[in-house]
Amino acid sequence: MRKILSNSLFIILFIILVYGIFQMPTGANINAPAYNDIVNHYLNSGVSETNASNIIAAILADYRGFDTLGETIVLFTSVVAVGSVLRSTKYDKEVRDHE
Amino acid sequence: MLILEKIIDNINYIGAVALFVIGLRIVVTHSNLIKRIMGINIMGTGVFLFFVAIGNVTGGIPPIINNNQINPVYINPIPSVLILTGIVVVVSITVYSLSLVIRIYENYNTIDQTELSKLMSEEDNEH
Amino acid sequence: MIKIPRMKIFDSMARSNSYLVGLSLFLLLVFIAFVGNWFGFNLWISNSKFYSQILDSHFIDYISIIIIVIPIIGAIIELVYGDKSIKHRDKSVIYMGFLTLIIVVMIYPVILHRTLELHIPGVFSLGLNLRIDMLGYAVLLLSAFIWFFVMIYAHEYMTKEKKSTRFFFFLSLTYSAVIGAIISGDLLMMFIFFEIMTITSYMLVIHGQNDQSYKAGYNYIIMGLIGGFLILTAIILLYFNIGDLRFESAIEKLEELGNLKYWIMGLLVFGFGIKAGMAPVHVWLPRAHPVAPTPASALLSGVMIKVGAFGIIRAASSYYFPSKDVITSINDPLWSAASHIGAIIIWTGIITMALGVFLALQQANIKKMLAYHSISQMGYIVTGIGVALYLGYEGAMGLTGAMYHIINHALFKSLLFMIAGVIYYHTKELDMYKLGGLWKKLPFTTFTFAVAALGISGIPLFNGYVSKTILHHGIVEAYEMGNHLFFYAELMFIVVSAGTVCSFIKMFYYVFLRKTTNEYKTMVFDYSSLDIAMWSMGLIIILIGLFPSFILKSLIIPILNLTNYDSYFIEHQILHLNVFKSEDLLMTLMIVGIGIIIFFVGKKFNLFHLHLPKWLSIEYLVFFPAYLFMRNLCRLMYGDRCPTDKDDYAKLSEKDVEKIGFIDRFVITSNVFNRKYEQSIIRSDALIYTFFITLILVFMLVKKHLL
Amino acid sequence: MNDIIIKNITRIIIPFAQAYGIFIIINGHISPGGGFAGGAIVGTSLILYTLVFGREKGKKKFSHKTSEIAESGGIMWFVTVGLIGLFIAGRFLTNLDAGFPEGVIGDILSGGMIPLLMIGIGIKVASTMISLFNLIIDEGI
Amino acid sequence: MNIEQLPIINLLLFLLMALVIPLLKRRPFKLTLILGFIVLGFVFVSSGYLLWYVNNIDIIHYTFGGHEARFGIEFIIDPFSALFTTIIAGLATIIYIYSSGDATEGIEKTEYGRYYVLLFILLMSMFGILYTNDLFNTYVFIEILSITTCAIISIKKKKDTYTAAFRYVMMNELGSLSYLFGVALIYMATGFTNITLIGETMQNAYALYPVNIIIALSFMIIGLGIKAAIFPFHIWLPDAHSAAPSTSSAILSAIVIKVYILVFVKVLFRVFNIDILNEMNISTILLVLAGVGMIMGSVFAIAQKDVKRMLGYSSVAQMGYILLGVGLLSFDGLRAAFFHILSHGLMKTALFLSVGEIIYYKKTRKVNDFDGMGFIMPVAMGVFSIAALGMIGIPLTSGFISKLNLGLAVLDHNQVIFLVILIISSLLNVIYYLPIIILAFLKNEKYRYRMKSIEDTPRTMIAPLILLGVLIIILGLFPNQVMILIEAAVNSIMS
């Protein structure tokens, strides 16, 4: 019963989203609203502003460099978090014995 | 026919949404923790595919400027940049949750959600 | 022939207390002298330079803060002494009470001349508003006197209780909260002090710290907070619609609200009515009074429930009366709201008084019986308020009766509680069927009890008579000028008075007169602070009974002059009101006769011992649907696997509300609910996400495309 | 894993893999690739080493302390580059205005701070991969 | 170095502090604590200064790398972000002082370093979320925040913490991905990620591609709702709160979920402007969620035996209050909501910290074991009582003021039904907070004879508690001064 219900939910969700997509500006060409003056600015004067021929790298490291910093912080955090979970099971064992 | 054409035009987007929903379904229905993590990853992939599809331009080339093309059409670079960040983020979340799964397995000797909750409720009754 | 019992030489504390009482009586004398203008005293004061200076000095407005702060200081000093020196501790409390009393009496001329207002912006969101006008002052003076006497009484009474330091501490805090509630200048301040009063007096109620007192106290504070929330709702509605909470006429704005204004008033009446022990919501009162230590219950009955009634009067007469300059006749549409409300309030009052007396007749426990009598007397007061509202422009008589009865009831009810306390203090016994023959042992107490009982049962030459007569006049006017249905109200009134008479005859008989086996032989009669306090109050009772017009002249007429009542009516009906008319006396005689008859009939067929079944109690009837629902909720959730008889769930089918109240049942139900649903909700985490995202998408898209 | 073939081949492959990774890192701003890809390759090569030669030798090659320093160091480097921009040009992460060498478009030495950041990212990613891997196999099942 | 560098300096200070802690491993731990305290103090002062600056002089726009805002990433420091960063810094300082009094309960010594690393990164991410004016940048910071929050739950290394953290991570990730999906849709329709630019173009984007915007909005609402523990999505919260160490619980429910609801407000009022929201009538959905949450949260809380779990559910109910204020989409509503964010932050911190002290010394978290606790730990239970009365909404506490404002705001939207719900949920609060106070101070005083043996808790734990209690009462007595700042923030968010 519950399975049928949930599956029907997913089907409905999928249909809604596909229906939504049909109403969206999905044309894969340079007239899409996403392909606006910002993109053109990057493509045209990006090189002269950053002297890097790889625009993606330029955006990544220069225009949106702060995102990249944040993402390195995410990596750092994940290491610390995983460390906090996985390092030194000694205490853990004691607790399990204690309980 | 028209609907078919529409589907073919938007196949990237539909694929992305399909991935999203599939991942969600995995998260909901499967009780195996690792499978649920996979489900989350698939959802993430769906969203990234959506991003890329936004940035896609038919016949476009990657935006690496060198002057030996004649009036080239470049793809939209921004979504690529964004998902580069996004991928890394999802990777680190995955690692973290996997480490949690390791610990859960050590403590309860199971990675099955239903059994897990059964065990936990038993413990609550004991206390 | 009584053999004079040996006197105990009374200790220094008792001596200083008696001095203080003497001083307070002297103050009273000065007050009387001022009002009665004996040998030009009044003129002398009003013409004196000092007085005129005070009058226009700005400082005098801060007096209101001072009298709020004084008891708090007293409480702090009292904490400092603590249990180290009981003498100093109690002295600090008592002297602070006395200081307040002095100040309150002294500012009478000022109040008579103008209203003291104080506004400090910035505190809370609306600013701190305090104001002492005549209406507030009457209650303030009353509570100052009673509180002082009760504190003197409490000093000796509490020597036999434990943790008296805590008791006195919270007593003083409650005092300042009560004063604040009385002299607050807008509804918000009143509500705030009201809440503080609820919480601090809770500490007094549960002072005994046994299961019974915890139950009663929990009941008390929960109902108090519910009342608080009702008032808060009313405040929010009022402030939103009127934009101002100061006690000024707002009827023009309220008229635009349609039925909402009745809702607001209903919320206010019930919110304050819970404290005042009004009919459907009185349930906390008979539980809280017996368990509280006697001084606390004396104050609860004497002052705090009056503050509830005062709140109703305050709100109604300020917001719902047209302002003085607008209206000059009865047949003005602006009065209609007030009179509609008034009609309902009158019937509530009638029901309250009937219920109270009916239940009081069945009680064995003295304090419980007195508590039920408080309910029925509050019924009188509420009826008076109702008349005051119902008759609108001509309702002066009702307000007079209500205020007068507030004063009288405060006096004799606190005195009666003190006497019950004395009896308990000596005999450790409160069941009147077990007591008996105390008049030999405690002649003075017997005497004071006689005074108080005559007072409450409305015998001429005692104070109760005056106010009851005035109230009776009020009701008569109500059905002469207004609806004829109120004739039955009058009948009820008479019956209830008769019942009151009867039940006090009963108490007097069982407790004092009746011959018993030779217990209490060893009991010594002693003469101490207890009796000092009691005598002085008895004295006041008799004085009021002898000179009924004094209170009218000194306190009530100024109140009426401030309100928007027919001044002609006030001049001719109330100012020269003669309560000793023949028909009134005859009616009293009739009442007493009926009372005696009821007593003998009841005693013969001992009706006093019959007890109603548990399920007939108000609380159970009110909440019955809720209880039924809770009992069957389990079936809804679990189907046939419902653990009805298992663990705590069985309690839900308990019929005795004394054992398990509404709140406990609710908690149990929520536990069952939780046990069933919490984990299952938590487990289905992502499913909920899917469900809601789909739901919202469908909702919004459908809405978008249909509209 | 004591298979001679794998060991030898690994010995041969790893230098190339690392060289390739470093190449991708430092060419990030003129050709496809960049810090992430390159860092991933370098990290993978070290993981491969640990897989083949065992944890102990892996520790010798890339000890716990080193990884920690690399962890903090990657971000430190990033922040310092940004702070240079802040102190010189008054904005965090300023590129050319902060006086980073412009170079000639298409050269390795171009794009101002971009290569520097790429190197930082590369170090960061590589060290993160390795240390996560080590954590899991140390404490793993 | 002029003032507009201060925000980034704050962020970098947190970051560098977090990076430095592992290098100080050899040194005595006190050094780390002192250093961290200095950093927090500096940040608190500087954000206070920024608050003053933006309120009296000018709003600060800060773009990275000197590019235009449209090309790069932009920070905006306006009364809104400045106010809440100040509040966060203040609360965080209080909690930090408390936690330094070795009361990070259940965390083993070797993990302290990591705990503080995570703490500082967490603070940095919250500052970033509030400062930044870029949807995707917000996403990155949200991810940092979710990892760190999960980590400071699971750092306790008990069996239940792992499962709680796992559930939390799952829900968080669902939320983040929904948010990211929303961002993708918005980017698709408008081509910007900068909030201001989106806000400008949103009107005509909605005219062209309404479905896009609708789906984006619903995904964002759900995503942020999960993270802010709005009622049906509160699933992760009770486990997480009861499992985490007390300081973490305090941070979680006093600060973190508030930050998410602030992002929510930002998204609603800056990305989608009000008339679009009214056209889609979001307000219905939000108000329904809020109303249900206010009741159900309390109903669940009543049945709890575990104190921290109970507090967690009460946070759910309180988030309902805040969402109610936000969902009215009106000036008064936001004002009440912001004030309640502040006052609930204070009260919940006080509750969790006092309970934490009790758990730390008495090793009990069952409500029934609290009898006579008031005589053993007077300060803790006293502060607990003040905060609990505030939760109930007794006058003289800040909770009363926020209830008053909420009531007025609700009437302004003439939704009288929600006034009733407000009162009912206050009554439910009475039912589950009052018995604890009575139990602790009046019920059987079997601990009375141990009055001598009051635990001498370190001052670093007592002082923050007292400070919180005083602040609650001060805020209840003189709300107007704070209200001015809050109104400035509301104006800046609604303009």
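Should a chain be cited, it is by its letter among A, B, C, D and E, assigned in written order, with residues numbered from 1 in that chain.
The definition used in the following text is that a contact is a pair of C-beta atoms (placed from the backbone, for glycine too) under 8 Å apart; a residue touches a chain by one contact, two chains touch by 3 or more.
From a predicted model like this one, the values you see are computed outputs, not experimental measurements.
A.B. asks: Compute the shortest path length in steps from chain A to chain D over the network of touching chains.
C.D. replies: 1
A.B. asks: Going by the stated contact rule, which chains contact chain C and chain D alike?
C.D. replies: A, B, E
A.B. asks: If we define chain centres by averaging CA atoms, which chain lands farthest from chain E? Would you check?
C.D. replies: Checked the centroid distances; the maximum from chain E is C.
A.B. asks: Of all the other chains, whose mean CA position lies farthest from chain A?
C.D. replies: So the chain farthest away from chain A turns out to be C.
A.B. asks: Can you check which chain pair, B-D or C-E, has more C-beta pairs in contact?
C.D. replies: C-E
A.B. asks: Work out per-chain C-alpha centres and flag the one nearest the whole-protein C-alpha centre.
C.D. replies: E
A.B. asks: Cα centroid separation between chain B and chain C, in whole Å?
C.D. replies: Each chain's C-alpha centroid was found; their separation is 68 Å.
A.B. asks: How big is the gap, in whole Å, between where the Cα atoms of chain B centre and where those of chain E centre?
C.D. replies: That pair's centroid distance is 28 Å.
A.B. asks: Please report how many Å separate the Cα centroid of chain A from that of chain B, as a whole number.
C.D. replies: Each chain reduced to its C-alpha mean, chain A and chain B end up 9 Å apart.
A.B. asks: Could you tell me which residues belong to chain E and also touch two or more other chains?
C.D. replies: 15, 19, 64-65, 136, 140, 143, 147, 150-151, 154, 159, 162, 170, 174, 187-188, 210-211, 214-215
A.B. asks: Chain D: which residues touch two or more other chains?
C.D. replies: 30-32, 71-72, 75, 79, 92-93, 95, 106, 125, 132, 135-136, 139-140
A.B. asks: Any chance you could list the residues of chain B touching two or more other chains?
C.D. replies: Where chain B meets two or more other chains at a single residue, that happens at 20, 24, 27-28, 54, 62, 64, 66, 78-79, 82, 84-85, 88-89, 92-93, 95-96, 99-100, 102-103, 106-107.
A.B. asks: According to the definition already given, which pairs of chains are in contact?
C.D. replies: Pairs satisfying the touch definition: A-B, A-C, A-D, A-E, B-C, B-D, B-E, C-E, D-E.
A.B. asks: Please output the residues of chain B touching chain A within their complex, sorted ascending.
C.D. replies: Against chain A, the touching part of chain B is residues 6, 9-10, 12-14, 17-18, 20-21, 24-25, 28-29, 53-58, 60, 62-66, 73-74, 76-82, 84-85, 88-89, 92-93, 95-96, 99-100, 102-103, 106-107.
A.B. asks: Quick one: which bits of chain E touch chain D in the complex? Just the residue numbers, please.
C.D. replies: The touching residues are 5, 8, 12, 15-16, 19, 22-23, 62-66.
A.B. asks: If we count contacts the way the header does, which residues on chain E are in touch with chain B in the complex?
C.D. replies: 136, 139-140, 143, 146-147, 150-151, 154, 159-160, 162-163, 165-166, 169-170, 173-174, 177, 180-181, 184, 187-188, 193
A.B. asks: What part of chain E is in contact with chain A in the complex they form?
C.D. replies: My answer: residues 15, 19, 64-65, 67, 70-73, 108, 110-111, 114-115, 117-118, 121, 124-125, 128, 136-137, 140-141, 143-144, 147-148, 150-151, 154-155, 157-159, 162, 185, 187-192, 205, 208-212, 214-215.
A.B. asks: Flag every residue of chain D that touches chain A in the complex, lowest number first.
C.D. replies: Touch residues, chain D against chain A: 28-32, 34, 71-72, 74-75, 78-79, 82, 92-93, 95-96, 102-103, 105-106, 110-114, 117-118, 120-121, 124-125, 128, 131-132, 135-136, 138-140.
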